[in-house]
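Chains: A, B, C, D, E, F, G and H, in written order; residue numbering restarts at 1 for each.
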Amino acid sequence: MDIKELLNAVREGSVSIEEAEGLLKREPFEDLGYARIDLHRKIRSGAAEVVFCQGKSVEQLLGIFQMISEKEGEVLGTRASEEQYCALSEKLEDLEYDPVSRIMKIEKKDKKRRGKIAVCTAGTADIPVAEEAAGTAEFMGSCVSRIYDIGVSGIHRILASLEEIQSANCIIAVAGMEGALASVLGGLVDRPVIAVPTSVGYGASMHGISALLTMINSCANGVAVVNIDNGYGAGYIASQINLSGEEHEK
Amino acid sequence: MDIKELLNAVREGSVSIEEAEGLLKREPFEDLGYARIDLHRKIRSGAAEVVFCQGKSVEQLLGIFQMISEKEGEVLGTRASEEQYCALSEKLEDLEYDPVSRIMKIEKKDKKRRGKIAVCTAGTADIPVAEEAAGTAEFMGSCVSRIYDIGVSGIHRILASLEEIQSANCIIAVAGMEGALASVLGGLVDRPVIAVPTSVGYGASMHGISALLTMINSCANGVAVVNIDNGYGAGYIASQINLSGEEHEK
Amino acid sequence: MDIKELLNAVREGSVSIEEAEGLLKREPFEDLGYARIDLHRKIRSGAAEVVFCQGKSVEQLLGIFQMISEKEGEVLGTRASEEQYCALSEKLEDLEYDPVSRIMKIEKKDKKRRGKIAVCTAGTADIPVAEEAAGTAEFMGSCVSRIYDIGVSGIHRILASLEEIQSANCIIAVAGMEGALASVLGGLVDRPVIAVPTSVGYGASMHGISALLTMINSCANGVAVVNIDNGYGAGYIASQINLSGEEHEK
Amino acid sequence: MDIKELLNAVREGSVSIEEAEGLLKREPFEDLGYARIDLHRKIRSGAAEVVFCQGKSVEQLLGIFQMISEKEGEVLGTRASEEQYCALSEKLEDLEYDPVSRIMKIEKKDKKRRGKIAVCTAGTADIPVAEEAAGTAEFMGSCVSRIYDIGVSGIHRILASLEEIQSANCIIAVAGMEGALASVLGGLVDRPVIAVPTSVGYGASMHGISALLTMINSCANGVAVVNIDNGYGAGYIASQINLSGEEHEK
Amino acid sequence: MDIKELLNAVREGSVSIEEAEGLLKREPFEDLGYARIDLHRKIRSGAAEVVFCQGKSVEQLLGIFQMISEKEGEVLGTRASEEQYCALSEKLEDLEYDPVSRIMKIEKKDKKRRGKIAVCTAGTADIPVAEEAAGTAEFMGSCVSRIYDIGVSGIHRILASLEEIQSANCIIAVAGMEGALASVLGGLVDRPVIAVPTSVGYGASMHGISALLTMINSCANGVAVVNIDNGYGAGYIASQINLSGEEHEK
Amino acid sequence: MDIKELLNAVREGSVSIEEAEGLLKREPFEDLGYARIDLHRKIRSGAAEVVFCQGKSVEQLLGIFQMISEKEGEVLGTRASEEQYCALSEKLEDLEYDPVSRIMKIEKKDKKRRGKIAVCTAGTADIPVAEEAAGTAEFMGSCVSRIYDIGVSGIHRILASLEEIQSANCIIAVAGMEGALASVLGGLVDRPVIAVPTSVGYGASMHGISALLTMINSCANGVAVVNIDNGYGAGYIASQINLSGEEHEK
Amino acid sequence: MDIKELLNAVREGSVSIEEAEGLLKREPFEDLGYARIDLHRKIRSGAAEVVFCQGKSVEQLLGIFQMISEKEGEVLGTRASEEQYCALSEKLEDLEYDPVSRIMKIEKKDKKRRGKIAVCTAGTADIPVAEEAAGTAEFMGSCVSRIYDIGVSGIHRILASLEEIQSANCIIAVAGMEGALASVLGGLVDRPVIAVPTSVGYGASMHGISALLTMINSCANGVAVVNIDNGYGAGYIASQINLSGEEHEK
Amino acid sequence: MDIKELLNAVREGSVSIEEAEGLLKREPFEDLGYARIDLHRKIRSGAAEVVFCQGKSVEQLLGIFQMISEKEGEVLGTRASEEQYCALSEKLEDLEYDPVSRIMKIEKKDKKRRGKIAVCTAGTADIPVAEEAAGTAEFMGSCVSRIYDIGVSGIHRILASLEEIQSANCIIAVAGMEGALASVLGGLVDRPVIAVPTSVGYGASMHGISALLTMINSCANGVAVVNIDNGYGAGYIASQINLSGEEHEK
């Protein structure tokens, strides 16, 4: 029942004034038109269903995965361990796990992916973060092109993949240490670049702070940054960007 | 002349092999097909033409503004001072200046703006940065809705503007001090949020570092961050995102 | 008009359903009972009326001061300059200014102060921040006892004022450099201590960051910290604490 | 014997001048009236009896717990491990342990709790810190209302609990990552908010430093901050604030 | 009147019990033997009389200088400006000022200096801080040997002065930038080295923080550190050390 | 085939224009003269062949070591563990391992070393980093003189080795804690000093950040710095410097 | 043979000029008068003989302990583990070990201690660092008075021990968390205070950095600071200070 | 007189033993063979003659410039102001000044430059630092090739100058903001790259700290870093490297 219906019911006397007052006070967001829409949009985008598995017990995870997959038909978990997967896979058929990205999920079979996101890494040690980004974006319905190990200290490797990178709707640049990949890519494409600093490195890399600062200071146009090692966050926003163009295509 | 034409000219003998070799070596990017396209795309997007005015002399600015506006028909300058504007406006008719955003520009008259970006600030002191973002996005062809002074310590102000914010293709969240606006907005919309920390504040705000950290750590989905006070950078990437959907509309 | 009245009016037909729907949507917080109470409580406490004067033009300040003082009968401004006061005092009679605390205000004549807050400083250079705290607390209706220059490197000065300090409902400890005052006071009283680090100092004081860290790390019970130089914030929360006991007394 | 009695005894000759001089010098605080009161107040408030268990041996803990519980009838320990509890519970009947808050205690049976503190967390991972705060406050005699997992990226969850939060005498806001919860709550209530940053997070959260900075920079009125993960400290000061109003009620 | 006299007076009846009680309570530290001794020792050492001039008005300085010099026969001021000296020198004869150390003082004519402190600097830009240290130590009664511009990047300069440095009771090492002087000196002498980092430098010197860290991390034996640019503090503690040996000599 | 040959082939018709265009576009760097030279120079210098072993599986390492050693006749691995060596040594004869430097390599037997690099450490705990530098430089063809445990707090140890140090073409200074060795050496030689901060230390050494700052702030001429613990990087650039003079000698 | 003897031998012809030249060049410091004195003084003070045990193998330790104890009759080791002691004690009779301070030593039986150092801690967790300081000072020949657990949040505990503290020649203040003990003690004594920050604490204590900053910023006279947890360094310099006065006494 | 001559004179009796002993003690370094060589090498390299002009008075500068130029025939000053030049140029003919690099010098006319250093900048704002590097290197006798404004966000600009950059003996990479230039250049050349972070930028560039961290973390081989804005230091070490190869050429 939305506000208009409620007000009609009040006028007609089928709902008492006290009852109406209580409804309006108790559930402001679920019961008010704009908030309901808000909630519906969240549900539709699938974002509210993502589970951060790290630190959760098997019992907790089982409950959450069952609830979401029953309601939504699918569920995405990040930072899951091999042990969590082994314990859950006995109870949940169709559960998939990827040890590199540490993504554990149940995914609808007939999902169609659209558009293109180029996920690039500076080194091979950045790949787990990149795979979390790629897996998240694919779960959200985006096509992903993986272009790994193209660090700026070997610029010819970037140039060799340039055509592929330039054809994407959005680029994710994953890099630790000096983190310069985002700036170089930002100068070579005219689409948004989402930069992900990683904690890869040692010494003055300070667990990713150096790479974060490099990326935030980027002189290139069209670069924005997410948290250190936050592959999920990058995959999410990149997919929002990628799909925004695609939505209009049909 | 592109590569194919050059190769034809070589075969036909109208260009000597030495001449062709020199051209290919000297100008790898301008002369190679994909690179030329790259350059053309940069030019088309208008980004390469932006002038960072701060610290440049009047003579330098005059030269740059004349060159770009002749070639492109328009030019965008950021961080310009009143003094720079006064000196240039005598020589350049159609030069416009906005003392809040510190944008100085010559803009084509018939430019059409499309889509919508919601530019939000936490406080009134964040407005200059927000105006730089808004002015940049408008120059790039985006419609902008300004929603200022909706800081999280008065959450009802955000809720009062929610419908307007939710109707945008991309949101820019400009905030200093604790910088929590980006997280709150990120939880209320399903479109990308570009967060801009500002140097507004005192004490432990550390000239914007605190707000930057808050925004980078955002738990909300779909939030990415640019440099402190970098309104231009936020306006640029937000416009890329906003227009990507619009391009498909025609 | 509260929700109940609105619903009655809807039932009676004196307000149309469309009009009621619009009111409920547009002003969720002002029009919903609990929110209105919220706003009313804010207004009653006087907090919403405080003006951060720094950086505002004389015109802006005049408008804000006139609006609030007309509505509330009084207004409190912080971080005001001598120049701002001189310009405003011509237009606003009853405007008062204190150059130490930089508080500029119009205050009701018959305000009664209750309870007691002890505002303590480590050194004389911390006094402006302390006076901002004291002035804020007094404006909010608290009695203030000022005990200045009792830094921990002369512990006998603290002990000499101990009886006065222990008789307060809440203590504000203002200190720069090593900022140890809060810990020492926290160990001598059984009431909450609000610690205010100041930017007083040089070298490794890092503009107050050192004092902030000292205070946050306090081993004493009952110590909480506000931002560097934030006398206003300390005065506000201390007054909330001080008055909470007093409210029950009548 | 207080000072007056001592002086009388000196005049009467029942105490020699040398003896009196020694007493006055040796025990300045215990023997001087104001200091004795000080000590008595500490003992009365129960604060001096809290034991930080981490790093203490079973023998040390047994001795301390026995001594305090015999003298006070109860004892509160924080940061206790399961192992410490198992070893002690054989010797100390009535010893209770909560593995979430890591509080180990012997508590008087007939203790009455008064007032209300709302303990709020941004996420589920913040709950152990929140439980330490809640358990401490309850031991000190305050009623606690737990409102968990209401992070600012889902603002409707805060609003749904608003009435409960607004009815408390003091609010504790526990949050890691971006730590924005304190600011949002501070803007919705007119009672003091004690903010507790947690070390929950990764990357640029820097083990709680980011959340600490966010909270210290809060623009909301009535917010003060304790150390990272310091649930005990927050529970203590919140209980001081909560009970100050209640004390006058009887 | 000390405690014993007071007690005698009480017994004799020349002081009433109430009066005695008040004296003992009101002035615990001045009236109790050990505290009085404490105060006397402070006065004797001259430290309590030092005035931090920076930020004080001419009126304030005049009052303080007159009071101390009348009571003590001399007074030491640090961080004084040329302007402050000019204004005060008209009123205070015998006032001396040194523009390098920024020390302004009235000093007893017949003061004898004893022992030796070697004050060393890495560069010429460190000299003002060194002179503040030297001037303070001399005022306190120590002989000072100045050995300037012996930075570690020219190690032969240190060695050329080694005999002079080794003959001192205490060494002060003043250095900015990399601050390595303290470690090198610490390895060459068997007396305490007080290290003073200075804010001399640029870039990654971070206003003295780098030099502070270097000195705190010193591997050499017998090195302790004071605040950045704190020449006064170094001169004070060095003089305490220097004179402790000399006191026994007579 | 270089560009000239390709263009000749185009003119002669033995390569079609389409084929030539594809080659030029697809492989800009490998196929364009200057880039090919670039790649050849990299290969010749041996740098491209270095393997960072840490975190790689035995399978990955085996594949990489076999590929490089077959192609180049030798291979250098850094940060290798004893376990990795044991597993690989069964498959790869001629594999050598040094547990101090953690270098694992296959090296050509007849390699001649030239010039001289002096590798110096402040303490014995810095030796593993120094050995990584020394081993890298030797693999690249440089002679190395090891001069260990000559920290600045015992300056006579440096002086005792001065002649040896001064005879090198390049000096590597490895130091943790205060990191002053680089400055002292920089003042005693007229050749470049490559400074390597190490994570040796505790407390305010902050895992090498202090030493890094000291070295970056060095006042000595001819000092440049690499990352914390980056012995490999220092050995590499020092060898470039050392060999640049030697190349001209033949 | 000192320089004079060598020169005499040269004149007499019993040493050839070439031999003399070699001796003077090769051993500048051991053979030159002032340097030899320097070395002798180091040996006499016992400092050069201290062994940092952590990270050394049993074989290494055995060799070093045997060499030093044979030459000096005693040896001091710091940061030794129980395991190291057990292994060494079989081979070295008279070896002593203290598990709190982690000092392992062989000490001359008839050593006389002089003067007094007061070693104070804020809490019980600071005791291991304090014991390292105390043990070092005792080994160097100083008497030590231990005054533990007198943190500033219970100021009466400091005052109760004041007479003992004031009677020392030098005070060592050991404290973690907010580290305010040094300032309070500095204001109560007129002797040098050596402050030792400890890594005790959590959250914003940042492993001792906060306590270090507090101590460096101390407003009290006569306070200087050593590295975090550096009990050895504090004991060493305090003993230098303590004994300097005592040396003159005989 | 060197040691051998002195010893001969001692044997012959023309120098007394006491006189010889004094000479050897007083001037260890100037009088001992290896040290004299050391000093001579410093003088020969010209480095000891560089004057840091900033903060020096005209009188001081005049004295230093006259002394050095008389002795050496030339003198190099860095960080000189226009005012300093104007005042000095009246007294010193042949004095030259460059307002961009802020180098003020008297240079020998017939100096020959050898080799090649490529000085590269990311932006135009980095040019003053680059010019200080270039001017220093040229004064030391190196040829310099200036390649400015080739920031990594426009990678084609680097590639267009690649041949020129690759032909240098040493490369200087000057960059602020994200500072990625050094890594990209390091990957394209096989010669040492000296990286100079600049304070150019705003916000999270933190006055060059971000660029410094980027450069220190560089994954490219052959990169070492000097202090922020330290063009002089980069020019000096680059010239050492450049000339080391050239010295062998004659």
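What we mean here is this: a residue touches a chain if its C-beta (ideal position, glycine included) is under 8 Å from a C-beta of that chain, and two chains touch if they have at least 3 such contacts.
All values reported here derive from a predicted model rather than from experimental measurement.
Asks: If subunit B and subunit C share one sequence, what is the angle of the rotation that overlays their CA atoms, in steps of 5 degrees?
Replies: 90
Asks: Can you give the whole-Å distance between the Cα centres of subunit D and subunit E?
Replies: Whole-Å distance between the two chain centres: 41.
Asks: Could you give the separation in Å between the centres of subunit B and subunit G, each centre being the mean of its C-alpha atoms?
Replies: Once rounded, the distance between the two centres reads 60 Å.
Asks: Calculate how many whole Å lie between the centre of subunit A and the centre of subunit B, each centre taken as the average of the chain's C-alpha atoms.
Replies: 24
Asks: Multi-chain contacts only, two chains or more: what residues does subunit H have there?
Replies: 25, 28, 34, 38, 159, 163, 188, 203-206, 209, 212, 216-218, 221, 227-228
Asks: Identify every two-chain combination in which the chains touch.
Replies: A-B, A-C, A-D, A-F, A-H, B-C, B-D, B-F, B-H, C-D, C-E, C-G, D-E, D-G, E-F, E-G, E-H, F-G, F-H, G-H
Asks: Under the touch definition given earlier, write down the residues of subunit A that touch subunit H in their complex.
Replies: Subunit A reaches subunit H through residues 122-123, 151-155, 158-159, 177-180, 183-184, 186-188, 201, 203-206, 209-211, 213-221.
Asks: What part of subunit E is in contact with subunit G in the complex they form?
Replies: Contacts found on subunit E: 34, 37-38, 41-42, 44-45, 47, 50, 162-163, 166, 169, 188, 190-192, 194, 212, 216-218, 221-227, 233-234, 236-237, 240-241, 244-249.
Asks: Any idea which subunit G residues touch subunit D in the complex?
Replies: 125, 156, 159-160, 163, 202-206
Asks: Touching residues of subunit H toward subunit E in the complex: what are they?
Replies: 25, 27-30, 35, 38-39, 55, 197, 199, 207-209, 212, 227-230
Asks: Can you name the residues of subunit G that touch subunit H in the complex?
Replies: Result: residues 3-4, 7-8, 10-11, 13, 17, 20-21, 24-25, 28, 32-34 of subunit G touch subunit H.
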